[in-house]
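The next block holds one structure in the form of structure tokens; read it before the comments.
Chains: A, B, C and D, in written order; residue numbering restarts at 1 for each.
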Amino acid sequence: MVDLNVKIHDLDLKNPVMTASGTSGFAEELTDFYDVGQLGGLLLKGTTLKNRDGNAYPRMAETASGMLNAVGLQNKGVDYFIENIYPRIKDYNTPLIVNVNGSTVEEYIAVTEKVNELDKIPAIELNISCPNVKEGGMSFGISCPSAEAVTREVRRVYDKTLIVKLSPNVTDITEIAKAVEGQGADSVSLVNTFLGMSIDSEKRIPLLSTVTGGLSGPAIKPIALRMVWQVYNAVKIPVIGMGGIMNAADAIEFMLAGATAVQVGTAIFKNPFIPLQIIEGIKEYLERHKIQSASELTGCLQM
Amino acid sequence: MVDLNVKIHDLDLKNPVMTASGTSGFAEELTDFYDVGQLGGLLLKGTTLKNRDGNAYPRMAETASGMLNAVGLQNKGVDYFIENIYPRIKDYNTPLIVNVNGSTVEEYIAVTEKVNELDKIPAIELNISCPNVKEGGMSFGISCPSAEAVTREVRRVYDKTLIVKLSPNVTDITEIAKAVEGQGADSVSLVNTFLGMSIDSEKRIPLLSTVTGGLSGPAIKPIALRMVWQVYNAVKIPVIGMGGIMNAADAIEFMLAGATAVQVGTAIFKNPFIPLQIIEGIKEYLERHKIQSASELTGCLQM
Amino acid sequence: MSRKFVEEFKVVKNIALNSSNFLIKLLSKKALPQIAPGQFVNVEVENSKEIFLRRPFSVFEVDYTQNTMSLIVKILGRGSKKLTEIEEGDTINIVYPLGKSFSYPEKEDKVLLIGGGSGVAPMLFLAKETGLVKENVDIILGARSKEEHIDVSDYAKYGNLHYTTEDGSLGEKGFVTHHSIFEQINNYSKIYACGPDAMMKAVAKIAQTEGIFCEVSLENLMACGFGVCLCCIEPTQKGNLCICTEGPVFNIKELKW
Amino acid sequence: MSRKFVEEFKVVKNIALNSSNFLIKLLSKKALPQIAPGQFVNVEVENSKEIFLRRPFSVFEVDYTQNTMSLIVKILGRGSKKLTEIEEGDTINIVYPLGKSFSYPEKEDKVLLIGGGSGVAPMLFLAKETGLVKENVDIILGARSKEEHIDVSDYAKYGNLHYTTEDGSLGEKGFVTHHSIFEQINNYSKIYACGPDAMMKAVAKIAQTEGIFCEVSLENLMACGFGVCLCCIEPTQKGNLCICTEGPVFNIKELKW
């Protein structure tokens, strides 16, 4: 019997496979297909202090082995979440992690303080990397001082597991990772989407209402994997890897590169069962290679 | 009759389609298939001052809609080029552009000075963005001061068309573009490859001898297109766009985003005729849309 | 929320209805769940380098005794083209059943069903299911020309069939909203429509002006089809709603048209 | 440099030679250029989401009168698998002819041809073309087991066939270099080999020690196949050379083995 457990700071995951924020709604949608209690963890849709309508339609464009999105953090705000959604989902048997967003440090703090009160939310993921909002979002995650500031302030008010989600749209992601580690982040997750663009050549218009959007899917996997490997070699806190994971081999690659756990995003749109298939695939891999525990995979790339 | 001519500073191109450096050898290989005189221009393989063996095998890995390479600027040095290759290719009826590389500013200058002497080389492309060499290469292209320094020094010794090739592995590509424009670059070309990585999950080893390599192909197109659009809006010099162009629609998208001309790279590996097909496709597009000249496409994205 | 599945269906029929529309009949290994007109499925397009995401198609017919479900696929781009090349015996992977259906009319209703382009499938499914006598059901189908219309004579038993074509080659000339039926539009208590945006908006405008109940089925671009991506939104009186879970069928009152 | 083409060939035959090897025969619309043993083609794998680049395969047979060319495709991964699923009548897009061929032996030579795995195709092509009498040609083919050998009895007219299998189920047991023929290796003036790296290196070592002329055909990973990408290099006495243009056939003296 192989051991699939992994640990992200204080957070015990029954297996290393979580679903990524913005790709698994508020968990309920996935329960239409299966029991989400099988997942290692579930990242809820990005949440802000107040209601956000998100960006105008069209919000997505297909690209080669990937897609662009410009959702722009549509959500009803943290209070609505706490009052209306949380009670319905809190007893799902998997760690539910709130993806915290804000246009200002104060907003990040306000959302965090509210979420801190929720018994069944064992961790937050601080999203300083959303490329689809005009204010805040990615702007916090692409410079060390701002990444440090928001992490420091949120750390002050949050006592459970604090994951900071990094943007790949930077020259050196290890600097940002070290900066947030220095301010008390318990873990970093990477990568968020790459800023991209699509054009309809016949109509000569951008395909997204916002012109640019976030690229995700297998197309970005080689870059995401490189970043996870770099960050793993630069920080001591656990790394959560993501970006184009479609199957167990992809997930294992991220773990070999240094990820303690992974998140599956866009793949869910193709098939919501993929996270479960990946859990099975990792188990089968460990058995076949006679490796006792999933946690042994982390960083064990042979050079 | 539509007019396919475009102009990059002093350089007249009979059409906007060039082949990218490192993907069309030293032109001769393509002549096995067709007359390269049909091309708008041809970027020769990256050239350094001295012979370089490049990196060890394996140097490439296939990825979703793309590939990683770690060639590492294998070439016999600029003197060998001048003595042995240049005489054989100089009369091809298309602008041949030397892709100039160096580990130090002095090397860039030395190569440039030698190439400056060659009558039939109307332009150089300064490669400050190669991710596959330990020294120099991309390190020049990811910070403004170093990008400025190398551009300034090369500009001093070069009096023909100077194109600077930008790295996409940066937080803000417009800053670098503006920096090299400020030092006298006549044009910028973008993007070079993205730093990526691939792993063999079964063997638990990196697939490239160098661990990381450069990602190219359709996978990167949305990001490249976004960067071309940003740079077009930030500088006044002509922009040459590339990154995953596989067909005429792709090329037109880059032109609409702001490119005056495009380069076709990885697509050539799939089919060396693709650049010619793109030229035909642009012609057909202009006729169908009743647009008189290819140059009218540049930046005419409707917002 | 309702139970959804990801399943490999076997293609038991794939026939061209005309040069651009294909009927694809799919066999399930297990008993099909209830599927109502307006609901849709999200289809994986295999063997195509260019297609990354699934493609949504309305359900056209369901046979619970045979466990078959049919789609009408109109060739629009690369994905739909590839799908129509599928061979009998092949399998296709489907996420289903998705979205909310049309509301069913009441016994006393007189209804007008309007379908254009790829919107024909859900309209014909609905025609079959209204539960009304034929006299109370009018169906207008619009297309550019006679060649683009498919043969729907089987549906004459469910309602009175009317056609429009832009070139006048079948039925009345013009768009669906130019059809003479619209001169007595107040005869109808309910209008249902599915088709190109412009067509639905024209229909909605008339229904709105005349104060007639009207449901339309939207076809926004989708990434997931089951409510997790928030890409398929439509601005409504209640804010941006996902058409894949809160639609694709909307009462025009809910929309901001 | 020599003239190269990109062409759509029609698949006229695709038959399984055993569970993992397929013979694919391709018809050209125009007269084929000269193609010699050791040269290869680069094949586009259509309809596969996962395959981006072409896949190289040695030419196995050429028929200039019929304008056909055959390949032997061994299933290794996803691309080769997909290729073997191609149907007669389909077309495949090919870049060809690529690389340099084996040198032809002289009349007085006694040659040993050694093929393993996917290296069988060029060896059999060469066997046919040596121009030598059968007595002067020995062919050893190696595989893991009898099942993995393909039927090459047709080639008995070109040379004496020998087999090795790792499990002893056909011919001598062991690797090709364990074959008893190697006890009289000095009978041969030329050795030609194509197969897995380890096999070719073992052969090369013996040839080197004994001072026998030896050519091997390498199978490095390729991106372009015609010399522009510099990905397929092999370290040689002349530095890193592209095997797609300077090879795939090399005299072992040129290599750094």
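FYI, a contact is a pair of C-beta atoms (placed from the backbone, for glycine too) under 8 Å apart; a residue touches a chain by one contact, two chains touch by 3 or more.
All values reported here derive from a predicted model rather than from experimental measurement.
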- Touching chain A and chain C alike are none
- For this structure, which two chains have more C-beta pairs in contact than any other pair? A-B
- Message: How many angstrom lie between the centres of chain B and chain C, each centre taken as the mean Cα position?
- Response: 47
- Chain centre separation (chain A, chain B; CA means) in Å: 34
- Which whole number of Å gives the spacing of the CA centres of chain C and chain D? 55
- Message: Please tell me the distance, in whole Å, between the geometric centres of chain B and chain D computed from their C-alpha atoms.
- Response: 36
- Going through chain A residue by residue, note those that touch at least 2 other chains and give them in order. 61, 63-66, 217
- Task: Going through chain C residue by residue, note those that touch at least 2 other chains and give them in order.
- Result: 49, 51
- Message: Graph shape for the chains shown, where an edge means the two chains touch. Line, ring, star, complete, or other?
- Response: ring
- Task: Report the complete set of touching chain pairs.
- Result: A-B, A-C, B-D, C-D
- Item | List of chain A residues in touch with chain B within their complex | 61, 63-66, 68, 142-143, 169-171, 194-199, 201, 203-206, 211-212, 215, 217-223, 225-226, 229, 244, 249, 252-253, 256-257, 285, 300-303
- Item | chain C - residues contacting chain D, complex | 46-49, 51
- Residues of chain D touching chain B in their complex? 1-6, 44, 50-54, 93, 95, 220-231, 233-235, 239-240, 245
- Query: How about chain B: which of its residues touch chain D in the complex?
  - Reply: 22-25, 28-33, 45, 51, 53-54, 57-60, 62-67, 69, 71, 74, 217, 266, 268-273
